[in-house]
Structures are given as C-alpha cells and as structure tokens.
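Each of the next two complexes has chain A plus one more chain, namely chain B in the first and chain C in the second.
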Partner chain A sequence: MSELLRRYRAWTVLLVVLLCALPFYLDAFWLRIGLFSMAAAVGAVGLGLLSGTAGQLSLGHAFFLAVGAYGYVWLAGEPGPGLPPAVAVVLAVLLAGAAGGLFSPVAGRVRGIYLGVATLALVFLGHHVLLTADSITGGFNGRSVPPLELGGFTFTASDPELTLLGVPFGAEERLWYLSLALFALTWFTARGLRRGRPGRALVALRDSETAAAVMGVHVARYRSAAFVVSSMYAGLAGVMLALAFRRVVPDYFSLALSVDYLAMIVIGGLGSVAGATAGAVFVTALPLLMTRYADQLPLVAAPGTTDGAVGPTEAARYLYGAAIVLILLFAPDGLHGLVRRTRARIHRRRSAPKDADPATETHPPASAVRAKEPTP
Partner chain B sequence: MNDRTTAPPVLDVRDITVRFAGLTALDTVSFTVVPGSVHAIIGPNGAGKSTCFNVLSGLYRPASGTVRLGDTELTRLAPHRIAALGVARTFQNIVTTEGTVADNLMLGRHILSRAGFTASALRLPSAVREQREHLARAREIAELVGLGPHFDSPVALLSYGDRKRVEFARALCLEPSVLLLDEPVAGMNAAERARTAETIRAVRAELGLSVVLVEHDMGLVMRLADEVTVLDFGRVIAHGTPDEVRRDPEVLRAYLGTEATGEDAA
Partner chain C sequence: MTTFLDNVLNGLALGSVYALVALGFVIIFKASGVINFAHGSLLLLGGYLTAVLHEDLGFAGALAVAVLATAAVAGLMDRFLLQVGGQDAHSAHVQTIVTIGVDIVILTDLSRRIGGDLLTLGDPWGDSVSGLGPITVADSRLAAIVVSTVVIAGVFALFRYTNWGLALRASAEDMEAAALMGVRLVRMRTLAWCLAGALAALAAVFLAAFPAPGLERTTGQIALKAFPAAILGGMASPPGALAGSLLIGLTEALVAGYQSELHVLGEGFGDVAPYAVMVLVLLVRPNGLFGAKGAARV
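And now, the complex of A and B:
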C-alpha cells in the first residue's frame, strides 16, 4: 500500500512539474485551451459533487457560472462598487454560494431528476435578467472583464512587464498559473469533501435516503449543502472563465452550457474528481481544436465557409454526443471507470499466477444509471 | 471497550396505531423494552413487524400513540434526531451504500463525529484526527462482528451473509443504546445463523444495549429473546417469555391456523 502511495505521489509531482513548465513551450492558443479547460474542470468537479456524489441532477449550472462571472465583473468593475479584484473573486464565489442557498428550499426537498427540472427554470430566469438588467450586466453586449490584480501584480500583458527564461509573460501565461492554483485548490477541497464525513453522508443520501436518515444524516440540510457547495465551485469557474474570455455575454450562459457540464461529468465518470476533470478537458478542448484544424479534417468546413460540410462547432457536438452514447452503452462509469478497470486487468494479468487480494483488484462499476431505492 | 456506564433507557411503546388509507397496519400496539434485554417481535407475514420498526425509527408517523425512550417522546422526531438519541436499526432488505465496508461503517459514525463541509474540504487537522479515531473504532466493531478481513473490500463484492453483517456493524457504529434488528438472519445458512446469534449475544453482553429483534427464525428467537411480543394483523395477540408464548393457543392459531403440536412455525 505504501509503495502504491509513493508511486502515486511521484506521478502527481511529475504532472504538476509538467503543468508548470507548459507556458514556456506552448503558444497563446494552447494556453487558452488550457485556461478554458481548467475553468470548466472546476465547474465540472462542482457538478460532480452534486450529481455524482449526492445523486442530484442540476440543469442550472450555467446560472451559477453566470452569477460568479457577472458577480466578479460587477464587484470589481465600473459601474459597480469597484472593489479590489482579489476581494471581488472571493465575494463572487460567496455570491454564487448564496444564490445556491436561496434555492435550497427547493434543492433540499426535491430529489434526483425532479431537481433537474426545477433548476431548468433558473437558466431561463438568469438569461432574462442578464439581458434586461442593463445597468449591472451591460445587456446583450455584456461587459468587459476588469483584469485581476494581486498585490500590484496584474494578470494582463503588461504592468509589470515580465520575461522569464526568455519567454515574455503575457496574460495567458500569467492566468495559466492562477488557474492552475485555483484548480489545485478545487482538486484538494473536492477530494477532502468526498473522502470525509460530508462525502459519505452524500453518497448515503444518493444510494438510500432512508438508510442515510436512520444513520443520523439530516437529509434536507445535506442536500441543500451539496447544492450550495456545487454552486460555489460553479461561481469560481465563472470567475475563471470571465478572466480568460475578458468579456462576458449573456448568450454564453445558456441551457447548452448546463448540458455541456452534464456531458463532462457523464463522459468523465460520475462521482470522481479525476473523471470530471478528464470530461471537462474533452468537452472544452474538442470544439476549439476542431476549429483550429478544420481545414485539415475531413467532412469539416473551415469556419466562415459554407460549402455544405459541417461546421467545426457542430462537428464537435456530434462527436461528443457520440462519445456520450458510447460511454453510456459500454462504460457507464465513464472514463474514470474505464481507466480503473483497465488498470485492474493489467494488474491481474501481471500477477496472474499468484492468488492476488481481491479487494485491491476489482471495483464494482459506479453506474451512471442507478436502480431505484427499495422501500424498507 | 464501552465507555457507557449507565444502563440504556426504557423504550416504551404505547397504543401505537398506524393506518395506510383504510388499512390498519398497527392497532393500539403496546410493549416495553426492558433496558439491556433482547425483545423479540414475531408474527406471520404482514403482521406489522416492519411497520412497527419504521415507527420506532421515525420513518412513519403513527396516527395515534406514543413511543418514549426514557423521557423523550420519539414519535414527533425526524429519523436523524432519533438516531442521534441512540436508536440504530438494520433493514430487512439489505441497504448498504457504495464503497468499502469501512465507508459504510464510517457512515454509522456520522452522528458521533463533527467535521462539516469546511473542515473536510480544507482537511483541517481536527477533521483528519477525528476521521482517524473513528476509523479505528469502526475497525474494532468490524472485528467484533467478524468482518475484520473484509474491512477494505467493496461491499458489493461481499456475500449475502457478510452484507447483512455490514448492516449490523454499521448500526453498532452508532454506539446505540437501543438496537433494532429487522430479520438479521433471513436468507442465511445454518452456520451463518449460529454465528450471527452468537454476535448478538456478544454485543448485548459487551455493550449492554437493548435489542429489539424482528425475526421469523423461531429457534433463534427462543434462544436469544428475554421477552416476546406476538403480532397478528396489526394487533398484539400474545406477550411473555419465549416459553409462555410458545404454549399460547392464540399464537399457535395465528401461525398454523389450527391446533398444532408446538413445532417451530417458521
């Protein structure tokens, strides 16, 4: 076990070093993909806690992303209180949590797929408010995002000018490290939650509400709390997206965005932090990559041309639609489960002659489709 | 092993009536569980035994009647409040959650631990220490019921009997003063039955708790129970020591329909 842990640690360190070194080798296009992926991963981890761990479906994730993004823009910008941007980030996350809390009378009582329907309303409500509350949101055209500033260091191309090892540090390079730090924080906290007392209570709620209740879990309170926590991660993702986009517009925060996030956690595997991250990278990076390499791909038209073929954004949607169908059919526990089972199989083959310990080998699949809970 | 010095409080059930849309599932049922005793509730299928447990653990609210644990009225409390008062239960059909045996037992430690969302997310030292302490106790309890070797195995891979034991151990993890066991040996083979009976006896002796037992296995009931309450169609038809109940003509009629020789009915 300790050997396994050491190897795991070594891989983690290697990955962190690699991620930290990337801005020195990649150009702005790739870094921007990284920024969007990391932001999406933060949001997906949040939704994963709600849907995967607590078994509550939410279609309102786009709303809380919008609260975080617009909250930051308004709090740090003009018109608005014009707070120091670092303070605005924290307050925007808390604001998203508060918005989730306001919804808790519903989120605490309504269960599973019914909550999904209830949260649908939030997206439309939010979109309407973003379009009409001109003085705060800038209406249809949105608002430009004030740059983040931490103790005199600005996350823009200049101020101060910065060149490290011959690489000029522009906005993308700076935001990369910020996003990496925020993503690491998300990873750390979400894993702590999942493996700690709240995570076990939420899993119990998902698998059997009655069992959770008789074990002393306050059902409504834990459901609401899961919703609030998920909203806070969405708020943080919203802030990160706003900083990466440099402009927020209402049309981005539509129902399609909520569905994208659901796709991320289904593709990645419900209830796992690593899976949510993998799904987020897949769903975010795919359309961007296809747009970039549209001219080299068969059946995909370059953006702006109309020669009968499918546009890169649509093609990306077809692809990840197909990915969802394939995953639900052949690996209902997502990429995470697929990796885990493959690893177990390799491990088994390697130690086939010995009668290995069954506990470390096979895990039952954490299916995306759950059986109905029997009544006691 | 146990730091509880006082005896568990009396569990007093008075005139409980439960109706489901015209069907009276329990009709003015009363019984008292003496502290530290094993109290069996028996009866044919549909007699209201599980309904009775659902009232005791707060899942059903009775139309009338009271359930008191010591001086506390239970019938108006939510299930999680009743659990916090030290009433733990198992289910007739196994209800475990995803994860390992350890995860399930740690769920049983929920009310005894404090770590909230913030402490767990930030992995504060207090939360880490608390988790470690409770894990140690959960392991002790797993050993006690014979689940020690499976402590880190996923529950879904265990045999039926072992999963029943997981539920039993999870209930024990609440350090309850009253333990409600709903058919703890149903579906087990003879060896598993004997082992479970032995465990129930052991925990009763070691932890000094009261056990309320719903069970069809008459042999087990007769061996373990100090007192037996017999339900039929939602009514108490007999009450007494196992020997008294075994000879009661009403009980024989309920189980066998006609006069019989007092053979095991199950």
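And now, the complex of A and C:
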C-alpha cells in the first residue's frame, strides 16, 4: 500500500500543479469547460456512491442539482432572504440533502430499477414546480445567479481587480480555483466514505441484501443515508453549475441531464471515484468541444444551412452517441477498467500489486465478462 | 356526467396506447434485464417511416413496412450492440447505457429530418367522430382501444401458447436453467426486442392521429410515460403493465379534464400527474401493484 502510494504521489503532485497552473495559460472557453467538468465531476462522484457503491439506480440527479442551484439563488438573492452567499452555499447543499431525506421513505425501501423510475418522477415533478412557482424560481425564464462572495473577495471580473503574473483574473479564473478546492473536498470525502465503514456496509448491501442484514447492516437506514449523501453532492454540483452559468433555467434540469450523469458513471466505470471523474469530464467536455470544432470535420455544413445538411450541433450529437456506444462495446467496465487493464499489462513483469480498491474486487474480473462474448 | 364519461373514454384510449409501449418495455426487461432508453426513438422511427411512405404504399402498406423495419432495427440493435456485452446482471447496467447512446444517434437523425414539421400519417380515421350515447368520441380513439386490445391479447396468447413464449417465461425465471433446457437465449432475446419494436411503431400511429396534431420530433418523449405505467404494474408482469397503463391514461385524462378545478397544482399538471400517482403507489407497494415480493435465498 505505502509503496503504491509513493509511486503515485509524484504523479499526484504533478497533476495538482498542472491544474493550478492552467488558468494562466487557457482562455475563457477552455476554463469554462473545466468549470462545467469539475461541477459535473462532483455530481457524478455523488451518483457513483449511490449507484456504484450501493447499487441503487437513480434518474433523479437532475432534481437534486436543481434544488442546490435554485436553493443557492433563492437564499442569496432577491426575492429571497438575501443571506451572505457563502452561507447560502452551505444551506443549499443541506437543502438538497433534506430533499433527499424527504424522499427516503421511497429510497430506503425501493430497489434497483424501481428506484430508478421512482426518481424519474422527481425530475418531472420538480420541473413542473420550477415552472409553476414563479415567485421563487422565476418561472420559465429562470433567475440570474448572485455572485459568490467570500470575506470581501468576489468571484466576478472586478471587486477587487486582480492581476497575477500579468494575467487578469476574471470570473472564470477565480471560479476555477474555487471549483478545484470544492472538487478536492469531494474527492477526499467520497474516498473516505467508500473505504471506511459506511462504504463497506454499502458494498455488502449491494452484493447481498440478506447477508448484509445478517451481519448487522441496517438495510433501510443505509440505503436512505446513501441517497441523502448523494443528493448533497448533487446539491453542491448544482451550486457550482449555477455559479459557472450565472443564470439558472428550468429546462436545463431535465431528464436528459439525469441521463447524462448516469452515462458519466457507467462510462467512467461503476464503483470508483476516479472513474466517475473521468466519465464526468468526458460527457461534459465532449459535446462542447465537438460543437466548437465540428465545422472542421468533413461532411459538416456551416451553421445556418437548412437543406437537410448535418450542422455542427447535430454532428456533435451523433459523435457523442456513437462514442458512448463504442466505449461501452470495447470497454464494458468503463474508462476506469480500461486504465486498470492497461496498467496491469504494463506492470505484468513485476509482482502484481494488490489492488487497494475494495469495491473493484467484488466486480467480476474482466476476463469473466469477456469470456461470454461470441466471436464476431 | 358527460364530461366525466368523455374523460374516462379519453383516458382508456390513452391508456391502451401507453399499454403498447409499456408492454414493449416489460418484454425487453423480462428478456434481457435492460431498460430500453431508445424506446422513444424506436417509436418515432416507426411513426416517421409510416409518414414518409404512406403516399406511395397506402396507409396499411406503409404501416406494415414501418412495423417490420422498426422491429428489425430493434432486433439488430440488441443482437449487435447489446448482446456483445454478455447476459449477466452486471452487463445489463452497461447495456442500458448503450441504449442511451443509440437513442441519441437515432433521435438526432430523425429530429434533423423532421425539423419543425408536423407530419401526417394518412390514417383512415382522419378527424371523423362518432356518437356513443350522450358523448362524441374521435374514431381514432376508438380504433386505438380496439386495435390495442386485439394486439395485446395476441401478445399474451404468444406468451401463453407458443414455444417462444414459454422460452421467454422460463429464462425470465432462471436464465441458466433455461439455457440448460435448450432455450437459445440469444435468439429468444432478439425476438423479444423485435416484438417490442413492432409494438412501439404501432403505438406511434395512434399517438400521432387526431386529436393530436400529427407526428412531431417530440412525439417519442411520450414513451417516458410508459415508464411509470410499467413500474406501477410491476416491471416483470405483462398484465400488470396493462393495468398500470390504463391507470396512468385515466389519471392523465381526468386531471387534464378537471384542470380548472385543480389549478392550485399549476398549469399542465396532467402531464406530470402519472408520476405523482406512481410515487404514491411505490410508497405503499415498493414492487408495484402486481410485482411479486421475491423470496431471498441465502
């Protein structure tokens, strides 16, 4: 374990330094992709705890993102109590957790696919409420997001003006470091949860409910708790997204968003924090990048042409859909599994390091999944 | 009273169309353990093919082609994109996400072709109505009820009396035992997907017929209403899906019909009422109305 840590510590430090240096080199477009990716990663890690660790399927993630985002906007803004933004962030996260707690009579008892569709209801009912409760949510047009302020330091382009090493620090640069800090918090808390007692209880629950109950795991309580924790991560992701977008509208928090989050954790590889992060970056960044660069691809028309040609947005959607299918065809255990297999191949000559991740051991080994494949 | 009967009949018609879609969901889930997120696109594909072909082939011919083509697409998708991943429960998760990818591709393509248009399907009922005692009802609604009833009865007969139906039920019960008894899981699964695709294409016709304005690119989203229908009945129970669909259809029609009395809940609550009903039912019965509470074996 410690040998493993030493080997990866250098890489980790390098990665952190790189992430901290990026705002000095990238323009706002790339930074914004980074902001969205980090926000999505926080949400995906939360969903990963629920689906990958506890084995519960949730399609309601968009609802809890919406609770976090709108909770922050209402708490910090006008109309609303107008609390200090930093307090509003904390309260919005707690609010999302409370919303998850209110749903726990269902979440604690309903299993697997039933929970998936039950949470689907949350998205539709939530969307309806967002459209209807004008006075709080601003109805169809949504509300603009009050900027975050932390002890006199505002996360906007000015107040105070800031230029570091010749780079003017606008809203994107400032939010980048905030998101990075929040993401690091998420990363460590989620790993702690997964490796500690609660994580082990949830994995036991996923693999056999009866066996876990016999071992003294309180089934309904742990299921509800997993749901509440995952909702709180979603709430935090919602706040981060709201800050990055600067405006929240109901139509963003649709079923498509929930489905995107589900795609993130499966593409990344179920049951791993790093995998969820990789999946989040993939699913968030890919469509944005493709929309921007699609016009350089062959067979794609310029935007605005109507005569049945494939526009950049459509080309991006095609590629996105195809990418999901292809990744899962060739790596059914997601990006995480792909990396793990590649790493194992590289280090085959050394004595195989024992995998430190408790959850990965419970998955069927890659060879078992592959053995059933018919020859093409 | 007339309004009430009107609403009930509307609800039954709507429910019987949902039943076609929900039955498809349940068949797929029973056969493969996969939730098919591409069901809405398959439905839209069926409707689109009927719409573009009906001028050349006539309505019946176009519908036949559309049903066969949609069935083929569903079958090919299962055989070459999903089954490659294997048959166990872990890969069912992954395959569910693959259907999302397929859905994105098909939906993008059809949306591009349909654009902002409203396509007519050339169905023989047009906008004619019949009087049934005190109430008038659109012929297309009656046709929806009749056709769905016949088709669903046919599907149940298929489950009950054919070898394929037996194989499907056996493998849903215990996949390994069924395989050892000589059930060809691969073929059985693919046929199930074909059947579900055909049902979805058929449902598209009634979803686009009068009183609805026609086929739009958002028509496929109606398939999402079949989710609560399937869950209400208990995901693994075809008769349950039928009952759930009727319940969902009735709820939606009644809430929409009495909207003015229910304005506290906000405009357009009829669209989301099915989900509210579903949550209430799941609170009382976590496995759906007809779902069996599985005994755990240690």
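Methods note: the second predicted complex is superposed on the first by the 319 of 376 C-alpha atoms of A that agree within 3 Å, B and C clash if a C-alpha of one lies under 4 Å from a C-alpha of the other, contacts with A are read in each partner's own complex, and residues count from 1 in each chain.
FYI, contacts are C-beta pairs under 8 Å (C-beta built on N, C-alpha and C of every residue); 3 or more make two chains touch, one makes a residue touch a chain.
Worth saying up front: this structure is predicted, and the values here are computed from it rather than measured.
Visitor: Just to be sure I read the superposition right, which of the two partners does A:Leu262 touch: chain B = first, chain C = second, or both, or neither?
Guide: Touch status of A:Leu262: second partner only.
Visitor: Does chain A have more residues touched by chain B or by chain C?
Guide: So, of the two partners, C touches more residues of chain A.
Visitor: Answer with first, second, both or neither: which of chain B and chain C does A:Leu329 touch in the superposed model?
Guide: So A:Leu329 only meets chain C here.
Visitor: Touching A:Thr132 in the superposition: chain B (first), chain C (second), both, neither?
Guide: After superposing on A, A:Thr132 lies in contact with chain C but is clear of chain B.
Visitor: Using the superposition on chain A described above, determine whether A:Asp207 touches chain B (first), chain C (second), both, or neither.
Guide: In the superposed model, A:Asp207 contacts chain B only, not chain C.
Visitor: Who does A:Leu236 touch here: chain B (first), chain C (second), both, or neither?
Guide: Neither chain B nor chain C is touched by A:Leu236.
Visitor: Would you check which partner chain A:Ala274 touches, where first means chain B only, second means chain C only, and both and neither mean what they say?
Guide: The answer is neither, since A:Ala274 touches no partner chain.
Visitor: Under the stated touch criterion, which partner chain does A:Leu35 make contact with: chain B (first), chain C (second), both, or neither?
Guide: neither
Visitor: Of the residues on chain A, which ones does chain B touch that chain C also touches?
Guide: 210-211, 214, 363-364, 373-374, 376
Visitor: For the complex, which residues does chain A have touching chain B?
Guide: Chain A residues touching chain B: 188-190, 192-193, 195-201, 203-204, 206-208, 210-219, 225, 229, 358-359, 362-364, 366, 373-374, 376.
Visitor: Considering only the defined contacts, which chain A positions touch chain C in the complex?
Guide: Within the complex, chain A contacts chain C at residues 57, 105-106, 109-111, 113-114, 116-118, 120-121, 124-125, 127-129, 131-132, 209-211, 214, 255, 259, 262-263, 266-267, 270, 308, 310, 314, 317-318, 320-325, 328-329, 332-333, 363-364, 369, 372-374, 376.
Visitor: Going by the contact rule set out above, which residues of chain B touch chain A in the complex?
Guide: Touching chain A from chain B are residues 50, 53-54, 57-59, 78-80, 82-84, 88-89, 91-93, 95-100, 103, 106-108, 110-111, 113, 115-117, 119-123, 127, 130-131, 150, 152-154, 156-157, 170, 174, 182.
Visitor: For chain C, which residues are in contact with chain A within the complex?
Guide: Counting only chain C, the residues touching chain A are 29, 35, 37, 81, 83-88, 90-91, 93-98, 100-105, 108-109, 112-113, 186, 224, 227-228, 230-231, 235, 265-269, 271-272, 275-276, 278-279, 282-283, 286-288, 296-298.
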